[in-house]
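For reference, chains read A, B and C in written order, and residue numbers begin at 1 within each chain.
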């Protein structure tokens, strides 16, 4: 695409009116048109920024960020997205706040939202909790808006929960689309989402789940590979299977990394924790059972260590399509001999794909901004057109 | 009121010219006109935001926040107010700074204020310290401005000190005014500011003091109720008595919660620490006497525990005017059976008033913004009128 | 100077075109014209702010701050500079991030820079590390921009490294220029950069090094004084000697504070750690040798304590030119009898110069803003002229 109008034309044939005043929890709760609207708007916003056209649509307003886990790139992506649109990020640092002292989610959600246009939450630590918490927040502010407490209903952007990591996997997907020259070229391509060994443990399941939940929608042959015992949520697998059927692709599983890599066009080797163990850990935390947590940690590390052969090696890469599969990772990766002794990927593989990996990450701020935009404006194409006509530059000239 | 002009007309008959370039320490240092100007401007700013008119009056400039106690809602209220006007909040996190290492208040105040239009301080922990500290900061930057160090004199907004909590109680009061349909309907209404039991201890006195120092100015019958030994600052009581006399209302005291609630139109049951004990604690901290602090804590918790019957129960609520007094709280409340075993208020009472409580809180950002506005603009009505005429929307359209 | 045009005329005769798209590491890497351009632009930006002309040249964009040491004034200066130009500061708090877990500098630098126009780094703790780290960051984002990962190349501003503290010493220098009525009046003036006793140890060398590296460029007689054993980087001394030769001034050394102060026009007495010891400390940290670090600390404090007579006393001040040398300090100072028992300066001396010291500090935000501006705009004079013509006020009127 060459002009903003191309993006707007595309937006105009999509139906995404349900996104207005909505939220973004899970990709599979969105229609194909809605997913495509996010991609299109993300590209349009990037086009405008590259062409020095301001996309600042808010003169004031807050974007609340609530991170229950440390984060560099998601934090910066959210801050970038908010800033691009004119919103000021206000962190809800639970350490600095009084939330612990007897406040309900409903109360906190309202107290922080008087001038909030967006709430971004990352809560991926505990199975069955993160997504549920996000819904509780949304229900609270929706009610608060109805009751006249809040002048606007903030939109929620899921910045990673126990089930999905929509901003990550949509950035990954947009990267794929661009690398393959369009979504129309993905039919029949093979994508391998595979487990890989890492010396740390307890990594969230949201990425592999998000990948199989989203990437199965584009007619690709998606393979999920992991050692026995590293199963993901069955509910998400059901979604993946259903998606594949509808899209004319396939969703299969294997316990062999080699099988998954064989002739793959795209590979996504990444460590995660077994679903069952994560559920166990959630309960142990709830009970405050530190001894149990320590025992589980030991057990999980031992279990991981049995699968050190699950690594994205040069040898494995050479078995992919023309030896040149697109290598994906959400970063940071555990790189063998660099960040750890034995890890997810060979250093030489990682190095060869470094620029592409950074490009992959660069879509995330635009994906987040697009999600916000679609929740805030009934007709984004009209707004973007007006912004272009106004011609206010991002950087003064 | 229906149009912005109605608010401007009201502003135009009030005399608040002394507020220009001033600060906001204590409500009773302000004239009735000045207090009314804050309420009117707060309502006007809210009206404009609701009608998507930008009130961004600063293209650049900082709002410095200095919190010496954790805080969610005041922190967010200050951030919201600054953002509404175009100021960027910069936290002075004393942990991250070098303040401890030999800097005077005068030096720090100047160093952080080169581009500061506002300084918001919360310092409520130590009796005789918080308000004094705020004055020291203001004296420092006033001198700095005179000396040509600072291009502008930042205005101070007291976000809670040891004496008063003006942004809280003015938000409470504006809520009362709206609930009762105007300040003219408050004459003769009974307001009960009463102590209530909480399992924690050492809660600041600034709310009860702020309430009796402000609410006595509107012709209401204000009753302060607490168990013996929970006295507040005598100086503030003197202010309350004086206010009541002038306004044609009354200020009385009782050691009976039942008496205070009887036929009350408004109730504000909330825990606080005894004034004398807080003074003692301040000294113990100054001496670094941890054993003394621990002993005092034990003593205070035991003292509190003798008054578990001081709770806002359904039974007590039923004795208020038509059983329907307006229930107020600065939040978070200690709710019996929810956030603690025995607390300040029955869960069913709290639940019934939840929406109203959140509305009460929603005025605070506007109160803070109004305080800033009145310190920064000689003629706010003219500025608001121009903003309306410019018609720049808060959210692009 | 009286009008903006005077500043623009001056800019127009300077050659600073190499600064466009560049970075600011060390003052001696810049030409005289470039240094003068920073001063001129800093004054111009201050003039505009004082005259309520908005200098907001970014509608969106981030200024990343990365502080590896606590800081109040540099943090606020950077935040102020960014805010003045319209950039939003995003702190990279390494504690809150995942940087430690296997990320390379190259990766982190790109991940935080998708929408970053500026990166400000303070990294002064370890000899041979800080400046090198900054170069690594710049190399990474330059490559990232070339590779199409970053839409813009963020400019680096050195907010203090192991070698230089350019924003500090350029603020100091601009203060000198203003106090002496212009750079043309500095020829032959004597400036004494001298060590002074402090009860703390391990203070960075970047200020004395920055001072001799910059102040020798203006024809002054610069004397570096310190006790034996407190030598600074020999490379920077070589720079100072070279500068002095070119500028027609002189650079000399002495181990006598009295000799340095004698007839000095400007004095800058300040503690720092011996270069050799700092190198040793860096190695001990690298080896994780806590016992060695503790031993070194003891040794250094003992060494310091032998030189308690190195203090800026009234007696010494009386030996300066007319007893009225301009006293400089980067603040906070160790003031005898105030912040410590025996320190760098007598309380009465410090008090007499307090207003001037705060003014000295007040230039820093403008110096930083000027550095950013020169890296971002090919023709700053044209931009400032347009801003003046547009006439958008900083504070609405």
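One rule holds for everything that comes next: a contact is a pair of C-beta atoms (placed from the backbone, for glycine too) under 8 Å apart; a residue touches a chain by one contact, two chains touch by 3 or more.
The shown structure was predicted, so the numbers you read here are calculated from the model rather than taken from an experiment.
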Neighbour overlap between subunit A and subunit C returns B
Mind checking the rotation angle between the two copies, subunit A and subunit B? C-alpha superposition, nearest 5 degrees is fine.
-> 120
Averaged over CA atoms, how far is the centre of subunit B from the centre of subunit C? Could you give it in whole Å?
-> 41
When you check subunit A against every other chain, which residues touch at least two of them?
-> 56, 88
What residues on subunit C touch subunit B, complex-wise?
-> 46, 49-50, 54-56, 70-73, 75-77, 79-80, 83-86, 88-89, 200, 331-335, 338-340, 343, 354-355, 358-359, 361-362, 364-365, 392-397
Complex contact set, residues of subunit A against subunit B = 56-62, 88, 90, 92, 96-99, 101-104, 106-108, 110-112, 114-115, 117, 144, 147-151, 376, 383, 386-387
